[in-house]
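The following pair of complexes shares a single chain, chain A, combined with chain B in the former and chain C in the latter.
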Partner chain A sequence: MKRITMLLTLTILTFGLTIVTKTAAQNVNEIMKKSHLAYYYAADDGVGDVTMTITDKRGKERVKEFIMLRIDEEDGGRQRYYTYFKKPSDISRLTFMVHKVPDGNDQRWIYVPSVDLIKPISADDKNSSFVGSHFSYEDVSGRHWTEDTHTLIGDSTINGTDVWVIESIPKKEQKGLARKLSYIAHDSYLPLLENYYNKKDKLVRVFRADRVEEIDGVVTMTTRSMENVKKGGKTVIEFSNIKYNTGLDKSIFTERYLKNPPRKYIK
Partner chain B sequence: MKKGLTSFSIDHPWWVIGLAVVITAFFAMQFPKITIDTDPENMLAADEPVRIFEHQTKEDFGLSDFIAVGVVRETGAFTPQTLNRIYNITAEIEDIDGVVADDIIAPSTVDDIKQGDGGAMVVAALMEDEIETQDQADYILSRINLNPILNGKLASEDGRAVAIMIPIESKDMSHRIAVEIKIITEKYGGDEKFYIAGLPMAEDSFGAEMFSQMAYSAPAALLIIFLLLLMFFRKVRIILAPMIVAIMSVIWAMGLLILTGNTVHIMSSMIPIFLIPIAVLNSIHIISEFHDNYKKHKHKDATIRHSISELFLPMLFTSATTIAGFISLALTPIPPVQVFGIFVAFGILVAWFLSITLNPAIAMLIPAKTLHNFGADDENHGLLARLMNVFRNLSFRYSKSIVFASLAVVVVSAVGLSMIVVNDNPVRWFKKSHPIRIADTIMNQHLAGTYMNYLVIEGSDDDAVKDPDVQKYMETLQRELEKEEIVGAVSGLPDIVKKVRFELFGGDSTKAELPESQTEIAQMLFLFEMSGGDPDDLFKFVTPEYNKANLWVQLKAGDNMAVSQVVKRANDFIASNPPPNGVTVNWAGLPYINITWQHQMVTGMRRSLISSFVVVFIMMVALFRSFRWGFISMLPLTITIMAIYAFIGFIGKPYDMPVAVLSSLTLGLSIDFAIHFIQRLRTIHKRTANFRESYNEIFEGTGRAISRNVLVIAIGFVPMIFSTLVPYITVGSFFLAIMVVSGLVTLLLLPSIVRIFGNTLLPSTKATQHHTLGTKSKTQEQIS
Partner chain C sequence: MMTQIRLLITGLLLVMVALTVPLKAEVLIDGFLQNLQGARLDETNPTATELTASETRLQLRAEHFGDAGEFFARLDFVYDGADTGTYNWELREGYFKFQLGSNLDLKFGRQILTWGTGDLVFINDVFAKDYQSFFTGRDDQYLKAPQNALRADYYTGLGSLSLVWTPQFEPNRLPTGRKLSYFNGEEIVGESQLFSSTVPASRFDNGEFAFRLNRTIGSFSSALYFYRGFYKNPMGVEMDMSGSTPIPLLVYPKLNLYGASIRGPMLGGIIWLESGFYDSRDDVDGTNAQMPNSQLAGLLGFERQVATNLTANAQWQVEYMLDHDLYRMQNETAGMFVRDEIRHLVTSRITKMLADELLTLSGFVFFSPTDEDMYVRLSASYKYSDEITLAAGANIFDGKYEATDFGRFQKNDNAYLKVTYGF
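Showing the complex of A and B:
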């Protein structure tokens, strides 16, 4: 009798635990998905001016300015980006376009005005720097939440905002990245802080949402930064003149417009 | 003063010994505070402009010093097995502490600019993952050969060798890291051979090996000297004193060096080896004198007083001249050499002081019983006595021939001196059979070179080096330097620009040229970054502001002569083709630093040798109060230095750092015998006032003492000749050569001169019997 009771208790406990863990797992994946959408798929389209300040480890600064257009085909799915460079002056009029394919290979084109040539380019988005900054392509276009195993570590606050602390471990082994700790805001689902650790569990990079504002009803990170703690150096990206749901035409995001930027948006 | 010190020591031996022990203990207590510095860069003062520029360059371009690992497989290294092993070894090396993992240059870490799917341009790792097929391996080799940034540098064109360049955080880690790399490569087995080379590793390993060699060489020399002394004097108690004097001088000198906050550099680690023989020299003279006199006086106290008093002046002067030789090193602009010179000089002073105080004090404690038969034997029948007879007769009979022979030696030496080649290379401080030398030879045969120099192009404004004229100038300079045989490759920003342009136009080789406009150059570089190129890779060649660019000049040899030749070619080119837009061109890199300090050393050593030569000459004139004797006393030293350095010229041994420093030792030691010889000869002559008697007597006590010294020092340092480190072999050979040559010259040439100019040099005022038949027969008697 006693034995049966014990067995029963054990069974119930095991089941119970399994259910609890599963819910937690679903929850954490849900958080990460929502976070991804809030960060990378705000509204249906967006336009903004970007000032990128790259500070190298010696403290020397370089500034790049460009205009960015984005259109989403579906939330969490395909997206198109169009970038028009303004500064430094020797790359002005250079344009760049990405067709993002979350479950395949992104397609990218660059128009080089000095030789009047459009060239498809394909860089490994996980390890390649975006525009020579401390952000990688993936940091800018978003890493799909299903690529990592997420665990909710606990709750915390960042500058008075409640956040979840979530640990993400890549499912496929990745060079230079063993785990990431994200601090995701309860209210906006935006990651306010991300710490990247390497295989020796040393902090390598730190992402910060330095400024979050509400624009057209969308909570938006207007300033973000990526610091390379290991090697030194930092890149700050500031957005200005952000507009959402401007009704961007999908045809702008084609090769034709690389050579002839759409005047309506590019001034 | 001389009477005072020695008398006090004889009267209060325990006081003197006690005091010496206390002071020695004090200096010995400083030893735990030792800081070791094996960086040859410190041969230059920290504020030396080349060093400041070197550091600035390293900071500007994020450069590190490299350890080069070579993988050689004679039947071809481009197979899946070998490449996969290299892949895994590289991954493990990345985890070693002190390795700058992000900057490793290996097939799995370097980027290739290539055509991806659908004609896309991509900058991606050359070997992204382990491979499976031979085709993949062949493809990787073909990509390397098509890439001007990698071609010949990452792999030999025939594919038999692959290089892994491993940047390290600081040079003083390179020995440890090299050992860890070796463990990793050995673990993987395989049929390829691994070699580890590179200047920083050679320099650091040399430092490490030098200290371990010192730990064994100095005691070994002491032991052999002890055994030789025992053979000569047969009483352990008597020869203990010189050994104690030598050890104490070393402890005092090293203790003071550490106490004054100086680091123990490669140079100062040699102080014991230099001090031991010099310290022993004086003591041997005292014991010899004691040994030869004891039978006359048969009274310990009187013998000691007599010996010291006889030797006081020559000992003072031999020490003073040796001190002059070493202190002159303070005139060189090289800090470690200055420290070395000053503290060897201090040690010699200590040794001199202890030999006239501690030596007699210890001798006083020897019971008379022990001395019972001391000095009684071998007076006229011992081997040394017979040898001295031979010398006496040779110089007496063949005086003119000996003088002519010496003149001939001087003339021949002058030829040899003119053949001296100034050259140095820290890698060559290791014997040919040393793994570092072998690695150096093999890697430089196969690959573009393990010696890295940098040529920094600096413009006045930001973006200055994006200018097409500057780019073109850099490209021409690259090709110009590559004409030099030892230049394996010169890489720079123009290579990247051209490669990007080539790939942008789909591999059209007519497009692999520098663009005509600055905008286009800027856009090619931007394209490189956009296609996945690591900006840090770019910034090894250019600063982010584009005001400075850096040409990597890879050399197959680090010999200063060869490096100087490359530098000269660049300078000549720049002189006849002034750079555009006020751009400046300057050198950085370890090989360049080495030629800079070598140049300073050569001129510095010349200055210090000349000045100490003059000082010693003045001292000799003062000592003998005679210009003539002063001149004669300089002969053994002059001939010894000339002969030894001429020999170096004839055999083609490069005049390098150790050889240069040894000139002050040669100067300091080779005058000693002449001082003893002349001073004693004149003292004897004052007593005998008879040329013949003086001539005969000098070959007795003094002659034996000199020959004992020759044997003790020459043989004592023979173990160094079997070292694996070339500077040690050099030092050991020098001790041997200095002793033998200056001993021979002193015992043959000086008596010959005295014989020829006997009338004026040593006028006989008593019982004039020189140059008569009677004299001759007396000489013949002494032969038997």
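Showing the complex of A and C:
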């Protein structure tokens, strides 16, 4: 009889624990999903001016200025990006377009106006640098939350904002990355801090939301940075003139407008 | 005539700029200042100078856009010290661009034109190329020579139709013997016999017409092409009988070109396929020994990123000459080089970026196993700062015969250094 009681208790306990763990897992996945949407899918479309300051490990600065347009086809799903470079001079007027396909391969094109050339770019490596910065393509367009296993580590605060501390481990082996610790704001779901660790569990990269503002009712990171702690160097991305839900047309994200920048948005 | 047109267009553009500046201070001006020095590596090259380049270039770009449309100009001022020391300028681009209705884009004026899928290999892109620039280390943008043209692009949900009309034929710019030697049909020559050719007379029906139908199918981009005009290289010979003795003139034979292409993602990279039929209208049945035979051309290419910051591609081009028997007979009789009926060309480009993408190393090889010739382009470019770029490179040619596409330039090996200040 005692045995049966014990067995029963154990079963109930195990079952109960499973449920608890499952709920926690669901919650943490839900947080990461909401965070992804808040970060990468704000509103239905967005337009903004970007100043990117790349500081190398010797402290030398390089500045790129561009205009970015984005349209979401579906929250958490397909997106289209359009980038028009203004500075430096050697890449001015160059345009770049991405059709992001979360469950497949993105399509990327650049248009080089000085030779009137549209060139598709093979988009195999999401970890390669975005225009020579410390951000990778994936950092800029977003890593889908289902690609990692997330664990809620606990709560903390960053500059007075309550955050969840979440550990994410890639489901598929990833070069140079073993885990990521994200500090996600309770109120806006934006990641205020991300620490990337390599396989030796050394901190290699740090992402920071340096400035968060509310624009058109959307809580937005207007300044963000990525620091390479291991090799040195840092990139700061500052957004200005952000506008949401401007009614961008999907047709703008095609070869026609890649060659002919839509002047309504690009000045 | 050409100079007058050039002056007229430039004058108009300058007036436009002058007019728009005080009205709205919205003309954006930028550009670069560049110095390029290059020297031949083959001392037997019979050119007029041992420098393949020695030039200081100022490029000014002006842009203005409003609700009606936009205007863009790119003007180059060059001091060329390689030969005798000359000062020159060229309007590289100067056009107006606007939308008519919601489906039609129009662009007219001096412009750079490109289409087709190949990487430095062209089948359906018969817009003017500048091989003088290409072979001497100028920036990639100079491979394309501008054309004075009217371009219309009509877009529908099904695809787009493009039409380019170039009223005055614009030939390729080929080595002339001053800085680069060339093959005159018998031997490689330089300053002793400067290259000259005769362009078709300026008449409406001597204009160039290029059409393209473009359609996206899934993630693939497909196109059909048609061109009516002339070979861009002087591949024909005509006798000038006006004087007391007949003088052979190099001319640009009539050409119709029909083609198709498709390009899209595959196997983690980009694949492209292009074909074309060169219909030599001055030698339809291959009987005219002075004119090129018709030919078929096909191209297959693939590019992918093989490692982080390392991209590689490979292309294979095949050209099949029609009526080769007749051609062989004609050339053997004349004691001239006989090209194979089928010409193969393989190319490969490898690009490696280092030091946070500030240093770019690039190699491009053209190799023809049938012509037994090759051309190698090497370059290293370093972005010292946002403004300053330093570059070094080399152009190496080799060939068993002097008459083949790259063999004819085999004495033009050169190396160059380049400094660019962008503003």
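Keep this in mind: the second predicted complex is superposed on the first by the 264 of 267 C-alpha atoms of A that agree within 3 Å, B and C clash if a C-alpha of one lies under 4 Å from a C-alpha of the other, contacts with A are read in each partner's own complex, and residues count from 1 in each chain.
In the analysis below, a contact is a pair of C-beta atoms (placed from the backbone, for glycine too) under 8 Å apart; a residue touches a chain by one contact, two chains touch by 3 or more.
Just so it is clear, the structure is predicted and the values come from calculations on it, not from any experiment.
Novice: Clash or fit: how do chain B and chain C relate after the overlay on chain A?
Specialist: Verdict on chain A: clash between chain B and chain C.
Novice: So in the superposed three-chain picture, is A:Lys200 touching just chain B, just chain C, both, or none of them (first/second/both/neither)?
Specialist: Only chain B is touched by A:Lys200; chain C is not.
Novice: Output check: A:Asp116 vs chain B and chain C. Expected answer is one of first, second, both, neither. What do you get?
Specialist: In the superposition, A:Asp116 touches chain C alone.
Novice: Of the partners chain B and chain C, which touch A:Ser240 in the superposed model: first, second, both, neither?
Specialist: In the superposition, A:Ser240 touches no partner, neither chain B nor chain C.
Novice: Using the superposition on chain A described above, determine whether A:Arg263 touches chain B (first), chain C (second), both, or neither.
Specialist: Only chain C; A:Arg263 stays clear of chain B.
Novice: Check whether A:Lys87 is in contact with chain B, with chain C, with both or with neither, and answer first, second, both or neither.
Specialist: second
Novice: Identify the partner contact of A:Asn27: answer first if only chain B is touched, second if only chain C is, both if each is, neither if none is.
Specialist: neither
Novice: With the two complexes superposed on chain A, say which partner A:Arg58 touches: chain B (first), chain C (second), both, or neither.
Specialist: First partner only, chain B.
Novice: In the superposed arrangement, which partner chain does A:Thr157 touch: chain B (first), chain C (second), both, or neither?
Specialist: The answer is neither, since A:Thr157 touches no partner chain.
Novice: Which chain A residues contact chain B in one complex and chain C in the other?
Specialist: Touching chain B in the first complex and chain C in the second, residues 54, 56, 60, 62, 88, 90, 105, 112, 114-115, 117, 120-124, 127-129, 131-132 of chain A appear in both lists.
Novice: Please name which positions on chain C make contact with chain A in the complex.
Specialist: That would be residues 30-32, 61, 63, 65, 70, 74, 97, 99, 105, 111-114, 140-141, 143-144, 153, 155, 160, 214, 219, 221, 263-265, 268-270, 303-305, 308-309, 311, 356-358, 383, 385-387, 389, 420, 422-423 of chain C.
Novice: Help me check something: in the complex, which residues belonging to chain B touch chain A?
Specialist: Counting only chain B, the residues touching chain A are 59-60, 62, 95, 102, 116-124, 463, 466, 504-505, 515, 517-520, 522-523, 526-527, 529-536, 538-539, 543-545.
Novice: Touching chain B in the complex: which residues of chain A?
Specialist: 54, 56-58, 60, 62, 88, 90-91, 94, 96, 105, 108, 110, 112-115, 117, 119-124, 127-129, 131-132, 199-200, 231
Novice: Once bound in the complex, which stretches of chain A touch chain C?
Specialist: Contacts found on chain A: 54, 56, 60, 62-63, 87-90, 92-93, 105, 107, 112, 114-117, 120-125, 127-129, 131-132, 233, 255-256, 260, 263, 267.
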